[in-house]
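Common to both upcoming complexes is chain A, partnered first by chain B, then by chain C.
On to the complex of A and B.
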C-alpha cells in the first residue's frame, strides 16, 4: 500500500517546465480559438463571443475575455456595441488597411489598445483582464485593456493609524496605487518603471522614484535586483523584499513597508525608491536605515516640540523593548549589589516564594506574552478582546497570587511589551523580539557582561549592514551631524531645509529659510 | 559559509561554557547583610577567641509586602559568632543561616569603644572591609559607647530595620543640624593611609533606644580612639571642615534669645608655615543665614540692629569653633581639621619637611597659632516686619 504511494516509477524524472506557446497566431480563427481553449483547458469563465463582419459568413471574428477580470460595462459599451455597429455597417473603408487597423481606428473607443502577434501575447492579456479580438484571416490580434473586476474602496489603513494625517491608504490595485501616488506627489519628475515578475503568474511591479532627487545608482541597483527575481508568483511585496534585501541572515529589516500614500510620497522626496506590486496594498520603501524606522509620518504633522518628545520617547522604548527583561535578570541573579538597598529588599520580599530562577521566570512570561500576542492577532476583534482580558487576568493577577511569578516581573514584561508596540514599524518590533531573547539568554548566563557582549555583537553586525548601499546606522555612523536635526530630535520645519545627507541626493535642498 | 557558521557557534559556546554561570545567586537566596557590629569576645568564648562579630541580616518578608498583606515575622535577624579574624567569623555566621551572606548592601559598621580604644585594632578590623571587593567605600563607620551589638538591636519607631535607621540618621537628619559626622569607610581608608586624625560619630543605646550621641576622636599617633567631642564641639568641627555646614546658632541679644540659622557656610583655611616653630593657621568662616526665631524684641528693619546681630553671631561662632580647636590642639594633640592637608596643597616643600613632625615629635600642630575669623551675614528675618515689642 505504502509502496504504491512512494513509487515514482511512472513519473518522468525530468523537470517539466510550464507549457508556453510563443508560436505566432494562425490565420485560421478556429485554430487560434481551439489552441487558446486547449491551453486554458476550456474553463467556464472564458467568454468567446463570435460575430460576423459585414454580415459576411466568411469574415468571422471573436471577442475573447475572462469573465470577472474585466470591466463589464466597459466591454459592453465600448467593444460589443461598437462591434455590432461595425458588423452591420455597410460603409466602405480604406482598403489599403487591414481590417484590424480599421477597427482600431474607428470603432474601439478605449484608450489603451495594442497589437499582439503571438498566442502568448493573447493569452497573457486574457489572464490579466484584457479583451482580445481575433479576426479570421489575420495573424495579429487586438489586445484591449479592459482591466476591472472587484476592488476595495480606498480607506484608512488599519495597520498604520495616525491621529492627524490623510486618511488614504493603498489598495490591491496597482493602477489605483499609482494614481494615489501621483495625486499626493504632483511633480513631472515622478518616474515609474514597470517590471514583470513571476514565472507562472505574471505580476506587474513598478519602481517609483523622483528623478533629479534620488541618487541614480540606487535606482540602478534596485532595478538590477528586481530583474534577478525568478519566482513563480509574488503574492505580496514581502516576497520581493526577501528576494532583493542585502542580508537575509540579519535580524533587522532593510526595507520598510507601508500602506500610507503620504508616507510613500514623502519618502520619495527624501531620495528613496518606492516599489509597488500589483495585488497588495503594501509598498516597499528602500533604502531604509535604523533611524528611519524610528520615525513616524506623524512626527512631522504635529509641532516640532511634540515631534521631538515622541521621537525621544520612541528611542527609550526601543531600549526598553530590547534590554529590560535582560537587565532585570542580570540585576536580580548576578548583581543585586547594584540595586538601591530598599529596592533590593522589596524585590527579595516579592521573590521569596517564587519557585523559578529569574531566567526561567522571565522566559515563561515572555513566552506567555508572545503567545497572547500571536493568539490575539489572528482572531476576529470580538474574540480578540476576550483573549486580552483572559491574558491580562492570567498574567497580571492569577500568576502572581499563585506565586509562580513575582509582581515586579509582571511590571517588567508589561513595560517591555508596551515599549515594543511603541516602535512605529512592525518589522523592527519583530527583530527586537528576537534580539530580546538573545539578550535574556546572555544575561542569564553572564549577567551584565553577557548583555554587553551581545550588544557589541549586534552593534558590529549593524554597522556592517547596508541597505542598497546606504549604511544601516547612518547618520549615527558614519557620522553626518547635519542629519541629526531630523533624527532623535525633530527640528522645526523652517530649519529642515535639506534632504538627508546620507541619501546623497542630487538635489540637496528641499527648501530654504527665506524665499528668494 | 558552513565553516564560518561552525566557527561562530564554536566561539559562542566557548564564551558561554568557559565563563559559565558560577556566580549566579538569586536575590532571594542571598542573605542581605546591612549592618555589622564588632566587639571583644566575652564570657566563655573569651578564652579562645578575640572578637565577636554580630551581623544584621535583612529578612525581606518580615518587612511586609504591599501585594501580600501582613507578612509578619521579624524584619531582621542578628547572628553573632566569635573568632580571631573577621573573615573566619563571617564564615561561622554563614553556617548559622540558610542564605549566602552578601555584603554589597552593608550600610553601617559599628565598633565598640573598647575595640576602638585598643591601639591599632581599629585599623585591623576595618582592613577586610577596605580590602574586599563586595563592600563599598560608602559604608558608615560608627563607634558604640557600650557593646556595639546593642546598637544593632535598637527599635526605632518609624523604621523596621535598625541599621537603615542609623544610616538615614547619619545621612539625612544630621546634615540639617551638623552635629554628627558620617565618616565613610573610604574616608577612613584615606585617613589611615595619610596618618591623619579624624572624628567618628559615637552612639550609645539604652533599652533599645538611642540615648546619647557625640563624637569620638581617633588619634593617628596612638592609633586608637583617644577622646570625645561634645555635640557643640562637633558643630564647631563641621563648620571648619564641611563644605556646606548648616545649623542654628543661638545668641543673646536685647535681653532675649535669638536663633540664627545658617543657610550657606564657607570656610577658608590658610596655613602659613614660614616659621616652622610657630606655624600660623587662619580659619575664615563666612556665614549667610536668616533670623529664625527671637524671644526678645529684635526687629531687623534698620541696618544697625542687623549689624548688631551679625556681630553677635560672628562672636558666638568664633567661640564655638575656638573651643573645638583648643580641645583638639591642647587636650588631644590631634589635627582633626586636616590643617596639614591644607599645607600640602598650598606649600608642598614645607609640608614635606613638616609632615612627619606635625602631631608627634616636634609637634608643630600643638605649637601653631590658630586664629578664627567669622563673618556673618543676615539675609532675611522671616516674613514679619514687626515684633511684639514695637
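On to the complex of A and C.
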C-alpha cells in the first residue's frame, strides 16, 4: 500500500505532455501577445487591452486577462483607469528604474503584485484570474492578483446540519475558506502551507495546522504524501484523500471531511491537520481515528450530560447499523433457542407464509433499502421525500401483506436504516454498509459464530490500520485512559483541559481549572 | 520530540493484559468438571488457589530470567546460558509445543461449537474458518496482537461477570458442603488437572524482547496471572453453587452449561449458552493467536532467512492437520492431558534450569568483579 509513494518515480513517462512554454518573455510585445494567443488558441474570453505610454506610439503596453475570472470592478478601477493616467502623464520619473518598477510603485493600487519572467508565469496567472501587464521592450511582466468571478456566498452546510452552532460553511473559493479558518481560529501560530496540485489543471492546496500543537512528524508526513500526488486535476478533496490515505484496501475512511469551519478549527486545536483544496467546500482532516468518527462538533455545544448520552446513543446506533440484520439471520435461522419461547413462536408464526430463508429475506430487504437510499439521494428534495414514502411505507407494507418478508424483518431493516443515518460521518456510514453485508453473509453460513469471526477480523484489520502514523483504534487500544474522558463519555468542559494524548500533541494542556 | 508510535514496543499495560488473555481460553470451560470429579464438595478451590500460586512462582522465575537479558530473543539469551546447539533444540521444542497448543485450542473450539452451536455444520469447517482468522491475525503486526488483547479481554471478563451475577438466582449454598473432606491425593490430582488451564504461560520467555521496561516484567506478569486465578476460582465456585459437586463433575463443559441455565432479565433472551460461547470465542482466539505467534517467533529466531509469511503458510496446514488427529472427545481430552503433562515436565523444568544457571553465572561474574 505504501509502495505507491516510492515506486512511482521509476515509471518512464511515454505520453505526450501538455504543451508548455518555459521560454522567457520576448522583448517584443507583439511577439509575446502572439505567443499567448497561440498557446490559448485565441479564445473569446481572453481580453487584451493595449495602451500607449506617455502618448509615445513606440512605447506600447498591454493589459491581458481572462474575462469572467477576474474581479471586473477591481480591474476597471485600479488598473485600467490608472493606466490611462499613466499614459497621459508627462511627469518624468527616476530613470534608473525600469518602466515596470515605476508603474508598480506609482500606479498599481492592488496589494498583491508579482513579477513574472517567463511566458508560463504569465499564462498560469491569466488562467487563475490574474491580470498581466506586458510592456514593449521589457522582458518581464507584472502579474496582478485580480481573482474574482462568480462565487457562492457563505451558507450553512446542508450535509452537516446542527441544531446549535455557527451557521457557517466553507465555500468553493480557497481564499474565502482560509479567511473563514483564520476568523474562527485567531492565533498567530496558525500555519498555511501551499502546494500546487495537478499536471494540467493547477489547483492550490493548503495544509493548515497550528504550530506548537500538532506533532511535527504528522505535518511532515502529510506534506510528503501531498508532494507525491501526480494527477491531471483534483476536482474534489476526495481525490486527494484517496491519493494520500494509508490503506486503499481498507473499508474504513482514514480521514474525515467536513464543510464546517468550526469543526475544522476545533480539530486543528486537537493537534490535527486540515487540508483545503481550491474549488471544493469539503476540507480533509487528518489523522482521524475510529473514536473521532463517532464524535460530532455538536456534542460540545450542549451540556455534558446531553453530550454524553448522545455519544452513547451513537455507539448503540453503530452497533445496530452493523449487526442488526446479521443478528436477525443468526437468531432466526440457526439459534432460535436463544429467543424466549413465546417470542420464537410468534416470529415463527409470522414467518410461516414467507417462502424464503431468513438470509434471502434479509438480503432482499437490505438491497431495497440501499436502492431507496441511493434513489432518494439523487432526486430533488420534494421527489426524494415521495420516494421515501413510496419505498418505506408502500413497499414495506405491501411486501409484508404479500408474504414476501416477515413484519419483524421490516422492523429490523427500518431500525438499521435509522441507526445508519445516526452516524455523524457519511464516509463511516458507507463502511458500515459494506461491513453489514459481510456480517450478514457470515451469519447466513455460520450463525453467531460467523458474526464473531467477522467481528474479530474487522478488529484485526483495525488494530493494524493507521491514519498518518496514528493507530486507528487509539485511544481504545493502545489504551490511553486519560483520553477516555472525551471518547464514549463527554466529560464536563471544565475537566476537558487536555488535548488528546493519542495525538501526541506538543502542547499538552488546552486549559486549566486553576485560573483565578 | 519523538513521535509516540515510531517504535513499536510492548508497554507494561499491554503485557499485563496479554498474560490473562493468553491463559483464559478453552481450559476454563471444562475446568470445574475436572476439579469437581477429583475433590469432595467445594474443596476444589484449594487446589485452584495452590495451582495459581505455583503458576505465579513459575512465571516469576521465567520473567526473572528473561528480564535479566533485556531486548534479547529467547534463543540468544538461552544460548548464552546453555550453549548455542542446546538453545536451538530448546527453542525448537518450544515451537513444536506451541504449535500443538494452537492445534489443541482450535480443535477444542470446534468440538465445543459442535456441542452447543451447530448440530449439522461439520467441525472441520468451523476449525478451518477459525484457523484462517488466527492466520490473518498473526500475519499482521506483533503490536497489533497486543492491541487486540486489550480490545477483547474486557468483553470476556464482563460476560463472565454477567453470567456470574445472573446465576446468583439459581445458586444453592448447601452445595458448598461438605468442606475440607478431600484427602491429599485428591488435592494433588486437582492440582494436576488445573494445570491444563494454564498452558502457554511460557510465552513470557519469548515476548520479553519487545517489552519497553524489562525491569517490570516479573511484577507485571504476576499481576497478569492473578486475573485468571481469581476468575477460575469464581467460575468453579459458581458451578458448584449451581450444579453441586456431582452435577458439575458429570458435565463436560459446566461453564457453558451455566450460561444455559441463565435467562437475561426481562425475558429478552433465554438459554444464552450460544451467546456466551460466541463471546468466549474471542478468549480462545486471543490464546490461539498468541501461542501461534510465539511459535512463529521461535521458528523465526532459528531460521532467520525465512520470511514470516512463509513460516505462517507452512505452519497453518500443520496446525490444522494436528488438530484433526483426535477422533473423539476422549482423544481430545487425552491430547490436552499430554500437552499439560509435557508443560509440567518440560516448560517448568526449562524455566527452573535456566533460572538456576543464570543465578550461578551471575554469582560467578559478581565474584570475579569483587576480586
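Everything below uses one rule, namely that the second predicted complex is superposed on the first by the 500 of 516 C-alpha atoms of A that agree within 3 Å, B and C clash if a C-alpha of one lies under 4 Å from a C-alpha of the other, contacts with A are read in each partner's own complex, and residues count from 1 in each chain.
Heads up, the rule we're going with is that a contact is a pair of C-beta atoms (placed from the backbone, for glycine too) under 8 Å apart; a residue touches a chain by one contact, two chains touch by 3 or more.
Remember, it's a predicted structure, so these values are computed and weren't measured experimentally.
Of the two partner chains placed by the overlay, neither chain B nor chain C lies in contact with A:191. In the superposed model, A:202 lies in contact with neither chain B nor chain C. Using the contact criterion defined above for the overlaid structures, shared-chain residue A:345 touches chain B, although it does not reach chain C.
Legend: residue contacts after superposition of the two complexes on their common chain; A:354 is shown touching chain B, with no touch to chain C.
In the superposition on chain A, A:463 makes contact with chain C only, while chain B stays out of contact range.
Within the superposed three-chain model, A:477 lies in touch with chain C and out of touch with chain B [touch as defined at top].
Contacts of A:334 after superposition on the shared chain: both chain B and chain C are touched. More chain A residues lie in contact with C than with the other chain of the pair chain B and chain C.
Contacts of A:485 after superposition: neither chain B nor chain C is touched.
In the superposition on chain A, contact of A:453 is made with both chain B and chain C.
Counting contacts as defined above, chain A residues 334, 337, 341, 446-447, 449, 453 meet chain B in one complex and chain C in the other. Residues 1, 3-6, 11, 13-14, 113, 117-118, 121, 125-126, 129-130, 133, 136-137, 140-141, 143-144, 147-148, 150-152, 263, 267-272, 274-275, 278-279, 281-282, 285 of chain C are the ones that touch chain A when the two sit in their complex.
Listed in rising order, the residues of chain A touching chain B in the complex are 332-334, 336-337, 341-342, 344-352, 354, 357-358, 400, 407, 442, 444-447, 449, 453. Against chain A, the residues of chain B that register as touching in their complex are 15-16, 19-21, 23-28, 30, 32, 34, 58, 60-61, 63-65, 67, 71, 102, 104-105, 107, 134, 136, 164. Of all residues in chain A, those touching chain C in their complex are 215-218, 334-335, 337-341, 446-453, 456-457, 459-460, 463-464, 466, 469-471, 473, 476-479, 502, 504, 506.
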